[in-house]
Amino acid sequence: MMDQENRNNILRLFFKQVAVAAAIVAILAALTLTVYYLSGQQGNIQDSPVLTALKAKLEKYPDNEKLLFEFRDQDLKERTAFFRKSSFLDYGKNIFIVFFLLALAAFRLKGVFTERLPEVKKGSETVYKTGELAGANIYMVSSGLTAVIILGLLGTFAIWGFQKLPFEPAETEIKEKVIDLSSAWNGFRGPAGTGLVKDGNYVKEWDIKTGKNIIWQIALPVKSYSSPVVYKDNLFLTGSEAKVLKVSCYDAKNGSLKWSSSVMVPVKLDDVEIMSEDAGGAGYAAPTTVTDGELVFAFFATDHLVCFDYAGKQRWVKYFGKSENTYGLSSSPLLWKKNIILQLDRGGEGLSKLVSLDRKTGQITWETKRPVGASWGTPAIIEYKGKNELITTGEEQVISYDPDTGKELWRVKCLTGEISTSPVYGDGKIIAIDVGSVSTVSAIIPGGAGDVTKTNIVWSMQEENQAINTPVTDGKLLVVAMNSLVVGQDIKTGKVLWKISLEDDFWASPSLVNGTIYVPSQKGKVYIVSYEGKLLGTMDMDSKCSASPAFVDGKIFIRSEKNLFCIGTR
Amino acid sequence: MKVNYKRVLIGAIFLYLVASPVFGEYKFPPPEFDTNYLVPVMRTVPARADWLVYLDIFILIEVILLSAWASLKRRSRNIVMLISMFSLLYFGFYKEGCICPIGAVQDIVLSLTNPNYYLPFTAVLIFIIPLVASLFIGRAYCGGACPHGALQDLLLLKEIKIPRWLDRSLSMLAYIYLGLAVLFALTDSVFLICKYDPFVPIFRLTGPFYMLLNGGFFVLLSLFIGRPYCRFLCPYGALLKPLALVSREKVTITPDKCIVCKLCEDSCPFGAINKPDKPERRKAKNRLVVLGLFISGLIAGGVLGNYTGALLATYNRDVKLAVEIYAYSEGEPEKIILSDYAKEYIRTGESSLLLYEKVAGVKNKFKTGGIYLGVWIMFVMGLQFLYAARKPKRDIYEPDSARCMSCARCFRDCPIERQEKSTGDGSRKQE
Amino acid sequence: MEENKTKKVSRMEFLKNLGRGALLLFLGITGGAALARVKKKPAVWQIDPAKCIQCGRCATECVLRVSAVKCVHNFSLCGYCNLCFGFFQAGQRELTSGGENQLCPTGAIKRKFVEYPYYEYTIIEKLCVGCGKCVKGCTAFGNGSLQLQVMHDRCKNCNECLIAKACAGKAFVRIPAEKAYITKEGRES
Amino acid sequence: MDRKIIFKNGIWILLVAAGLVGGYFMASSYIPGNTAVNEVKSDGAGNPALPENFKYDMAKLKQYDPRQLLYGEETKIKTGLKEPFGLTVNKKDGRVLVVSTEGMLVCDGAIAGKVAALPVRLEGPGSVSFGFAGELLLAGRDRVNIVSGTIIGFGKKGKGVGEFKYITSVKANAKYIFTADAGNRRVCKFDLKGKYLGQIGRKDKAAGKNFVIPSPHMDMDFDSKGNLWVANAGLLQLEKYSPEGVFVSSWGKHGINIDEFIGCCNPVNFVIDGGDNFITAEKGVLRIKKYDKTGKFLGVVAPPGTFNEKNTSIPLAVDSKNRVYALDTIEKTVRVFSEKGY
C-alpha cells in the first residue's frame, strides 16, 4: 500500500515519460511530414519525365505490346504513388495530432500531480529592482526605440516606394500645344482629306531611271496600300512585314529611317485571316495613318487602333473585336478636335459602327452603331451652314453625323454595291460614288433630317466604269478616276467636261495640285493631266502605285508597291 | 432503394426549378436505353443551412457571456478553461475558424468602400458583438470565445517570461498589422489577415504550405510564450484593447485584501498585471517635450507613409497586371510569356492606357491610405509613449484591463482567493 | 482622504462612461454603415461554367490541399459517347480505359459500358483534383456535360476565395446559397 | 520500487514502439514512384505557373497544311436573321434560302434579298431543303411541311410511328421524303404526301444498323445515283443507304489527322456536290473538308479559325457550280467558298 505522496510521484513520473515519449514521436512525425511535404508533390499529379519518354516511345512504336504494358505499369504505379502520398500525408498528420495531443495532455496531467503552492519566483524581481524611476524609463526607452525602428522601416519602404511605376506619366502636365497642321500632309489625302493642294511649286516631270527631279528614293521592306503621311521632317508609313505590323518614320529630307516599330498587338497575325494584297484584298495595313503633330495613329485590319509617339513608342492600343470584312478594313482614322474618328464598317450584324476616341488615352468618347454592312471608305468632315457634319459612305447610303456627339443627322440612299470611295465636298455638294459594274456619281446637298433621299440629291449620273478610289474637287471641277477613264465633270450640274481614256486601272486617288491633276495608276504610272483635260505627261514608276501621294513643301511623296519616292527640285 | 429515389426526386425537382423556366422545352433528349439504366443525377451537395449561421451567432453571444461570468463572477480558471475548450472545438475545429471577427474587420472595411461587395449580415454581427461586449465586460471574447486564443492558451506549457519593455514594444505590431490589413482590404488587394492567419490551417488540418508553416511556427511559439498571436499580432485584439480599457466591469484580483504577495503577477503569462507603484509627479516641461515629439512623429509618419503606400501598391493584382502589360507592350511580344490574367485582359481589348489610369488610381488610393497608415502608426506609438510616461498611483496589484484576457489564472494563484474558496465561499461577490 | 478618493474615482468613472459612450456611438455608426451594405441572402462561391476557361487554377489555388473544386457530371446533357473527349486524350490509341488513352491525370473518370453503343462516365470524386482538363475536352468537342463546380461539402466559403482572386476567366461568383450550383442545363450544343 | 522501474522503462519502450509502428505503416504505405520535383515558376503576376499537364492544347489540333486548302472564300452574305438554322440552295435557279423560325431570306447568288415571312409557323429550329420537283421541305423540331402551292404538314412530338423528337435534316428524292430525327436516333421514310413508309435505325436490329447520335447533329443527303447518305455522327462515319433505305456501306474514321474526324460526334453537317464529293463540316475543331465519293480525303474547304468558335453546327449547301455555302449560326452569315481559280 502506497501512500498518497508516493502514488502521486509515480503518476507524475508516468505522465512525464508519456509526455516526453509522445513529444518525441510527434516531433519525428512533424519532421517527416515537413520533409515529405517539401519533397515535391503538393497535391497534384505531375507528368513525369519517365512517362513522357515512354509515351513518346509508344507513339513511335505503336505495335509494341511490351512497351504498352510497360507504360501502363508505370502509369499505374505513378498514379498509385500519388494517392499513396496523399494518404501518407493524411495518415502522418493523424499520427502527429494524436501524439501531440497525448504529449500535451500528459504534460498537463503531470502538472496536476505536481501539486505545489504558487510561490514567488526567485530572481524575477531583478528587472524592476533598479527603482521605480528606472522601471518607467525602461518603458520610455523601449517605446522610443520601437518608434525609431518603425520610423526606420517606414523610411526604408518610403525610399523603395519613391520609385515610379514604369508607365506612370511625368508629374508635370503637358500643356496643350496648338499645332499648325495647315502645311502638313497629316492624314489620308492631306490635312483636310480633300486631295487638294492650293499652293507650292510641284514638278510635273520626273524620271526615276535617270533620277531627274528625284530627291531621294528608298526601298520599302513593308507592304501595304496605305499612303505616306508627312509632318515637318517626319514621314510616317504603315505596313506589314513578314506578318508583323509596322509603323515606320522616315526623315522627309533624306529618306533615312528614323524608327520602325513593331505594333504590339496581342494577336498573332496568323490567327487573323485577312485577304492579302496578292489575293485582291486590302491586306493588314490599308488604312492611312494620321498624325496630330505629337502622336501618330495607325489603324490596322486586325481591328486595332494603335497610337505611337514621335519617338516610335507605342502609347496605347484599342481593339474593336473581330470583324467580318471580306477584303480587310481600309477606312483611315480622322482627326477631329481632341478625338480620333474611325468608321468601322466591318460587316456582320451590329459590327459596323462609328467610334470617336480620345487622342491621348484611346478611351471611347462616343460610339454610334451603323445600320450598314462592310464598306471601305474614309469619312469626311465638312462645314455646312456653320455646322460641322461627318459624312460617311456605306452600304446603300450616305449618312451624316454630328462629329461631336455621333448623332445621326440625315441619310441618303443612293449607293449600290460595295462602297470603297470616300465622300468629297465642294460647291455645297457632297459627291458620293458607288462601285459596281456601273458607277453612279451622286451629288447631295447636306442638311435636313432623317431620310432625305427624295429631296437632297441634286444630280446623279452613271458611267459604265468602275471607280473604287476617291474623286477630287476644287468646287468647280470634279475629277473621277475610273477604271480606264479619267473624267472631268462640272460639279454644279454633273455635266462631263472632258474624258481621257487610258489603258489603266486606278486605286490611288487623284490629287488636284494648283490646277494640275496627278493620277497614280495600278500599272505603275503617274498621269499628269491639265485642268482642261489634256494629258500633260505620263511618268513611269517602278511598280504599281496604290497609295495616294503626299504633297508637302514642293515635294511629292509617292509610294509604289516597292519603293518610296520623294520628287521635286533639289 | 429509398435513398436513390429520394435523390432522383430531389434532383428532378431541382432541375425543374432551375432549368425549366428558361430552357425547359428544347432539350435534346438523352439516349433511350434498352437496359433499365437510370440516368444519374449530377451530384450537388447543399450549402450549409442558413439558420445554422444564426445559431453560431447565438452560441457566440452565450459563450462570451458565460466566459465573462466565469472570469468576473465565478472567478474560476477551470470553468474558463472548459469554455475555451468548447470554443476551440466548436468555433475552431468544427466551424474551422471561418468566419471570425478577426477577418470580419476586412469585410466591413471593404464593404464600406465597395457597395457591391458581398457582406453577409452575420459578418457584421460577428464583428460588432465582441466589440460591444468588451465595452461592458472586458475581453471576455478573447478569454473564452476565440478559438485562436483558446488554442494558444491551451498550448502554453512552459512559460518563458518576456521582459515588459519587449512585450510593450512588440504589442505595437498588432496596430501596424491592423493598419496594413485595412489598407489592403480597402484597396481590394488582398485579405492579409486571412491569408496569413496561423491557426485556420490548423483548424482545417490542411492548407497551403506557407500557411501550415506559419501555423507550425506559432504553435511552437505558443508552447513557451503566452498567446503570442493575441498579444503581438491580433488586429482584432488591437481593436478590443482600447475598448476594454474603459470597460464597465473588469477583472480585479483582491482589491480589499491584497497582501502584495506578487503571486498574481507571476501567474499572468501575458504580462497584464501592474504592480503597486508610488511615483513622483512629473514636471510639465517633460510633457511638453513629449507632446512636441508626438506631433512631429505624426507628421513624419504621414510623409513616410505616403511613399510606403506607393510601395505597397505593387502588391495589388491590378498593378502587377499593368506592369506585365507594360513589359509586354514595350518588349518584343514573341519573347514574353504572358500570364493567363494578362492574356484574358488583352483578349478583352481594353486600351492599356485605361488600365494604367486605373492603376494610377489604385496607387493614389494606396498613397493616401499610406498617409493615414503612417499617421496611425505614429499616433499609436505616441500614445504608447505617453502611456509609458504616465505614472498612476497604485497600492495593490491590478490587472491592466486593456491587456487582461480574462483567463482567470491570477485568481487561481491568489492566496486570499484560495483561502476563500477553501472556506467554502466559492462564488465570491465582486466588490 | 477617503472622501477625496471616492470623488476622484467617480470623476474617473465619469470620464470612462463618457469614453464608453463615445466608443459605443462610434461602433454604432460603423455597424450601421456596414449594415446598410449587408446583402440579405446568404451566398456561396460558385463557378459560372459559361465563363470558365478551364485555366487549371482551381486545382492549385484553393486553401485546401486538395481543392474544393471538383468536376461534376451533368448526366442529363451527356451523349454517352463511345469516343468521349473528356475521357480520352486526343489521338488515343484505342477506345479502352488503358492508361495511355486517358486524359485525366489522376484517372478519376470511370468508363462503364451501359449498352451498345453507350458508355457512362462517372467522376470518382475522391480522385478528382479539379484540374478541368476533361471539362475542356468535353466543352470543345462534346455536349459540355462535364463541368467544374465548387463542392459545398468541401468549400470553406472563405470570405475571400483565393481561387476567385486567381481565376483568369473571372468565373467565380457568389450565388444564393439555396441554389448553390450553376448547371449548364439547356445550354447544350 | 520494481513496479516503478517497470513503469519507467515500459512506458518509454511502449510509446516509442507505438510511434515506430506508426512510422513503419506510414513508410510502408508509400511506394516510391517517380517524384519529379514540381518546378514552380512564377509568371509576371506573381502567381505560380501551372504545371504543364494542366494545359490542354487545342492549338495542336487546329493545325493544317496550307497546301491542302482547295477553296477560297468568295463572299459573305449577311442574313439579318436572329437565329438562322437552315440553309439550302435551289440547284435549279441558284437561289440561296436561309431559314430561321422568325422568317426566311432568299438570296440571289451573293445578293441578299429581304427577309420574308415563313409560309408556315415552325416550332423550334429544324431543317430546310428543296425536293426533287422543286417543292420546299420545311421542318420544325417535330413537324415536317411540304410547301408547293399547297402545304402538307405531318408529324408530332413523340417516339411512335410518324412522330419526331428532334428533326435535324429533311431531304426528298423523286419518290420519298426522308427525315433524320436526332432525338429518336432514326431516319424515317415517307412518301411525297407524307405517308409513313418505314424507318432506318432506331435500334433496328434487323437492319443491323443503329444511329449513335450524342448531340443534336444528324445530317443526310443524296448522291447523284439517288443513294441516301446519313452521318452517323457518334461513330464518326458516313453511311450509305440504297434509295429504298437499305444499308450498303460506310466510311470515315476517327483520329487527330486532318483526313480523319475528331470529336465525339462528327461530321455534324455534310453535303454532296455535283461530282459526288462530300463536303463535311465538323464542330469542336470547326472546319470544312472535302472527300471524294469513296471517302478519300481531298482537301480543306475552310480551315480551322474560319468560323466563330461558338458554332456547334455549320449547315452546308452546294449550288450547281459546286460553290459551298456554309451558315455561320453565331455570326448569322452565309459564307460562300469556291474552288481556287474558279
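General remarks:
Every chain is named by a letter (A, B, C and D) in the order it is written, and numbering of its residues begins at 1.
Convention: contacts are C-beta pairs under 8 Å (C-beta built on N, C-alpha and C of every residue); 3 or more make two chains touch, one makes a residue touch a chain.
Only a predicted model underlies this, so the values are computations on that prediction, with no experimental measurement involved.
If you take chain A and chain C together, the chains in touch with both are B, D. Two chain pairs, B-D and A-D, are compared here, and A-D has more C-beta pairs in contact (counted per touch definition above). Central chain assignment: C. Criterion: smallest distance from chain C-alpha mean to the mean of all protein C-alpha atoms.
As a whole-number value, the distance joining the C-alpha centres of chain B and chain D reads 55 Å. Rounded to a whole number, the gap between the C-alpha centres of chain A and chain D is 35 angstrom.
Measuring from the averaged C-alpha position of chain B to that of chain C gives a distance of 24 Å. Centre-to-centre separation of chain A and chain B, using mean CA positions: 45 Å. Within chain A, residues 42, 44-47, 82 each touch two or more of the remaining chains.
Chain C has residues 55, 57, 59-60, 65-66, 78-80, 105, 131, 143, 188 in contact with two or more other chains. Residue positions 26, 28, 31, 34, 317, 323, 327, 338-341, 343 of chain B are each in touch with at least two other chains.
If each chain is drawn as a node and touching chains are joined, the picture has every node linked to every other.
Against chain A, in their complex, chain C makes its touches with residues 59-60, 65-67, 93, 98-100, 105-107, 127, 129, 131. Across the interface of their complex, chain C is touched by residues 15, 18-19, 22-24, 26-28, 30-31, 33-35, 37, 39-48, 50, 53, 96, 98-99, 103-104, 106-108, 111-112, 115, 117-121, 123-124, 127-128, 131-132, 135, 190-191, 194-195, 200-201, 204, 206-208, 211, 242-243, 245-248, 317, 339-341, 343-344 of chain B.
Interface of chain A with chain C (complex): residues 42-47, 55, 58, 62, 68, 71-72, 75-76, 79, 82-83, 86, 89.
Residues 54-57, 59-60, 78-85, 90-91, 103, 105, 116-117, 131-133, 136-137, 140-143, 166, 188-189 of chain C touch chain D in their complex.
On the side of chain B, the complex with chain A involves touching residues 154-155, 157, 161, 163-166, 168-169, 172, 176, 205, 209, 212, 216, 261-263, 266-267, 275, 277-280, 297, 300-301, 303-314, 319, 322-323, 326-330, 332-333, 338, 343, 346-354, 356-357, 359-360, 363, 370, 374, 377-378, 381, 384-385, 388-389, 391, 412-413, 415.
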